[in-house]
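Heads up, the next two complexes both have chain A, just with different partners, chain B and then chain C.
This part shows the complex of A and B:
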């Protein structure tokens, strides 16, 4: 279905995507494209959805280059990042236009539009102008336009940004349903837990490079090898005495009323810390993770891979 | 599902964006055309009530000085910025470009509702000039001149908007600078202005060239039917050039080009 062979993309002097190769076979299921902001996720999605041609190498989707290729574009649905919709139009009229631009007309168009609106739960509210819809509803309309022509490949770029928790869960359920129905769904995100809720198949991108490809457990193991810094507030010396007995400890620094720990496998360490504090065995008054962000983890992984 | 033909693409966009002309920008266009004619009609009515009449030359002045030289370019600048350029600026273009449609027909499709809307009001304004005492024999020429030039100027500004980053500014400089030099241009350059074809269709500006315009050149004329055909073909060519530019330019989600 998707095949990249040393595909790269430059924005002038800036390298958006280093030569990257991978393959995704035909069939349904969800693939998560994970990486911090600026990792090259959107660039990769733009290559796959035919918006941009590769600067080097080759990109094939359904066996053909997707750039300005109607035969490929007819099988792709794209939900771009951001809350962007044309000004001055109403949902249903816009969807009708997008359907016509996909070659639908007459009764099949109306049926496809009704089905797409029903799928995203917007059948009753599609006649509103876009500014009168909530962000979640606008996101559903964007999804509806991508579903109208029943694409075999659905590409979503950071679809959960700005959505409230309820809208997020609804969208996740919808994507799972589509994937179960045979649609290949490719979702980009910079939040690991978000992708982990959706799929166990991940492509890990960082600074324009494909770092890893695999299941969520393999990626988690990679992430667990990254030492995490935690500041434990309370009686520093007592906390330090307990910490040095823990196998995950990598480094320790004492401050006036806190101990700064560098630990591996935080998912093993933190429950034990919590249990000990709950028993009253630790004079702990506060816990601050200092670098538990994806950027730090990715930087670690890059060094690790180098 | 098969590829969408250029005709289907243009029709889909024209129908989809047609409601836009009934919004404030559309009514501004209508007001731009009707206000000068309406104002002169009102003055004419007041003058008639007081037993006076306006000079017959006022029709020519309103047509050549206001509608052709000021209103048309302003309309084109306003309407073209709601065309395909708008999708580029608002980053909604990727939604269109990922459809299996004819990319090169998209600028025309998005421009058609604006052209049709402007043409309606320009025709209405030409009819209004008849009430002021315009020559009935020149009515069709006036309508053809305004509608033909509107078609061409709208496409012209749309193309500048796609080719240049500050395309609207450059187009404004052309329409208000170059076009106004027609009186001093030699015959060849006169033919490179919209004004030349407007005057060939709707009557001469010769009367307005005064003795103070020392550099004024002899005015050349083009057969009216040929002038109309040239305006139509020039507009069509400009729309196709817009389409070619859009088709040949990779436009990403950020609205910037990649080095393809």
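This part shows the complex of A and C:
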């Protein structure tokens, strides 16, 4: 579906995206595009949505270059960043125009619009002018315009910015539904916890470079040299006595009823821990990974590349 | 990670809808028609048109009514007639007001899309950049042309209706005034849409259009005054808009001739269309 081969983009002397290669297969699912501001997320999305040609390398979406290619663009839905919608317009009129730009007209257009509005839960409120819609509703309208032509690839640039928690959860549920229905959803964000709630498949960008791609756990495996923090709940002293004998231990901290271990190679350490606990040799009541999340992955990787 | 061979999607059916340029132009036209300023300009232009139609009717009465005929003969020295009178159908306050209208409408056409970042969305659909700028340019030119069209045709139609082809107005009047109206409209449209693409808000766009029109008028006037050649006035789109009807109707009161008029018109048309095209490229439509 998406294939980049050493695709790069320059804005004059500034390198917006270093030569980047990755592939996303056909089919539904959500992919998170992560990185801090200025990492190159929007640049990558501009390449994928055909707004810009790559300065080097190649970008293929559905097997073709997307730049100025109507055959590809008709399969893409884009929800750009920001909360700017034309004032003085009602949602439905704006949607109708966007549908027409996708080649719809007449009864098929009205049907597609009704379906998209229904999907995003705005069927009743689409006749409101944009300034009278809440930010969450405006975001849904933006999503509706991207869905009208039933795209196979949906690209959302920072879609959760400015949304309240309820609207955020609603949008996440909606994106999951679309992904389950066979749409490939590509979501960019600089807030790692948001993407972690949405998907485990990420592309990590930093300073115009693709640092890593894959599932969070896959990426975590790339980081075996970095210690993982685990909290072992139970009798802290007994747990600590056992832990200090393990070769993977890097650091140890005692809490009132838990031992916080910093260990390398968790894939070797955890089965041994499990075995020991099953034998009854450890007073273990709980195990919590403290940093097996996107935040930790991001920090490790960016620290290495900074 | 597994490698998947890229596969082509089924060819989308893009034949259902209208050309994207037409969709964009129609959308903007509806937005323009909803604006309340249409009432003011509609009233003023209607009054101007009635005045011109009245002129034609009075000339008709001159031949029909001896009393009115004598009165008009007495007033002949102060009434414009002939080529000047024909050219005046598209001249005078009409073009000044039209510049103002085009600035108000055209100044925001592209700037509004820049402000609300509409272009990335449009270009993410099967819309080519040329669809976009052609739509904006066409609409900016269509508005003044639509206003000028009744001024070019209705007095002539009235004259033909009252006295036939050998009446008050020349039989060839539409052949002279319609090209003039088209050139004026293209000039106004290119300046308005091009200047609008330089602005980031509709208000700034209006300012740009008025500024460009008045600024070049002042520059042309200064150079005319300093160098003594009326050709310098062809730098000004406002002067060009006033001059074309005179040239095409053969008026002797023109400030400059055909060559400066052609160069003066082709230059801004090319320049402002180039600016419009350059400023609305997809690379300018950042997400």
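Definition applied: the second predicted complex is superposed on the first by the 219 of 306 C-alpha atoms of A that agree within 3 Å, B and C clash if a C-alpha of one lies under 4 Å from a C-alpha of the other, contacts with A are read in each partner's own complex, and residues count from 1 in each chain.
Rule of thumb we're sticking to: contacts are C-beta pairs under 8 Å (C-beta built on N, C-alpha and C of every residue); 3 or more make two chains touch, one makes a residue touch a chain.
Model, not experiment: these values are computed from the prediction.
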| item | value |
| --- | --- |
| Partners on chain A (chain B, chain C) - clash or fit | clash |
| Touching partner for A:152 - first (chain B), second (chain C), both, neither | second |
| Which superposed partner A:257 touches (first chain B, second chain C, both, neither) | neither |
| Partner chain in contact with A:71 - chain B first, chain C second, else both or neither | both |
| Partner chain in contact with A:10 - chain B first, chain C second, else both or neither | first |
| Which superposed partner A:21 touches (first chain B, second chain C, both, neither) | neither |
| Which of chain B and chain C A:90 touches, first, second, both or neither | first |
| First (chain B), second (chain C), both or neither touched by A:106 | second |
| First (chain B), second (chain C), both or neither touched by A:37 | neither |
| First, second, both or neither for A:60, with chain B first and chain C second | second |
| Intersection of the chain A residues that touch chain B with those that touch chain C | 42, 45-46, 49-52, 67-68, 70-71, 73-74, 76, 78, 80-82, 84-89, 93, 97-98, 100-105, 145, 149, 157 |
| Chain C residues touching chain A - in the complex, by the definition given at the top | 1-4, 6-9, 11-18, 20, 23-24, 27, 30-31, 34, 112, 115-118, 120-129, 282-283, 285-287 |
| Interface residues, chain B side, partner chain A - complex | 1-4, 8-9, 11-13, 15-17, 19-20, 23, 86-87, 90-92, 94-101, 103, 247, 250-254, 256, 258-260 |
| Contacting residues of chain A [partner chain B, same complex] | 9-12, 16, 42-43, 45-46, 49-55, 67-68, 70-71, 73-74, 76, 78, 80-82, 84-90, 93-94, 96-98, 100-105, 142, 145, 149, 157 |
| Contacting residues of chain A [partner chain C, same complex] | 1, 3, 23, 25-26, 42, 45-46, 49-52, 60, 62-64, 67-68, 70-78, 80-82, 84-89, 93, 97-98, 100-106, 108-109, 145, 149, 152, 155, 157, 213-214 |
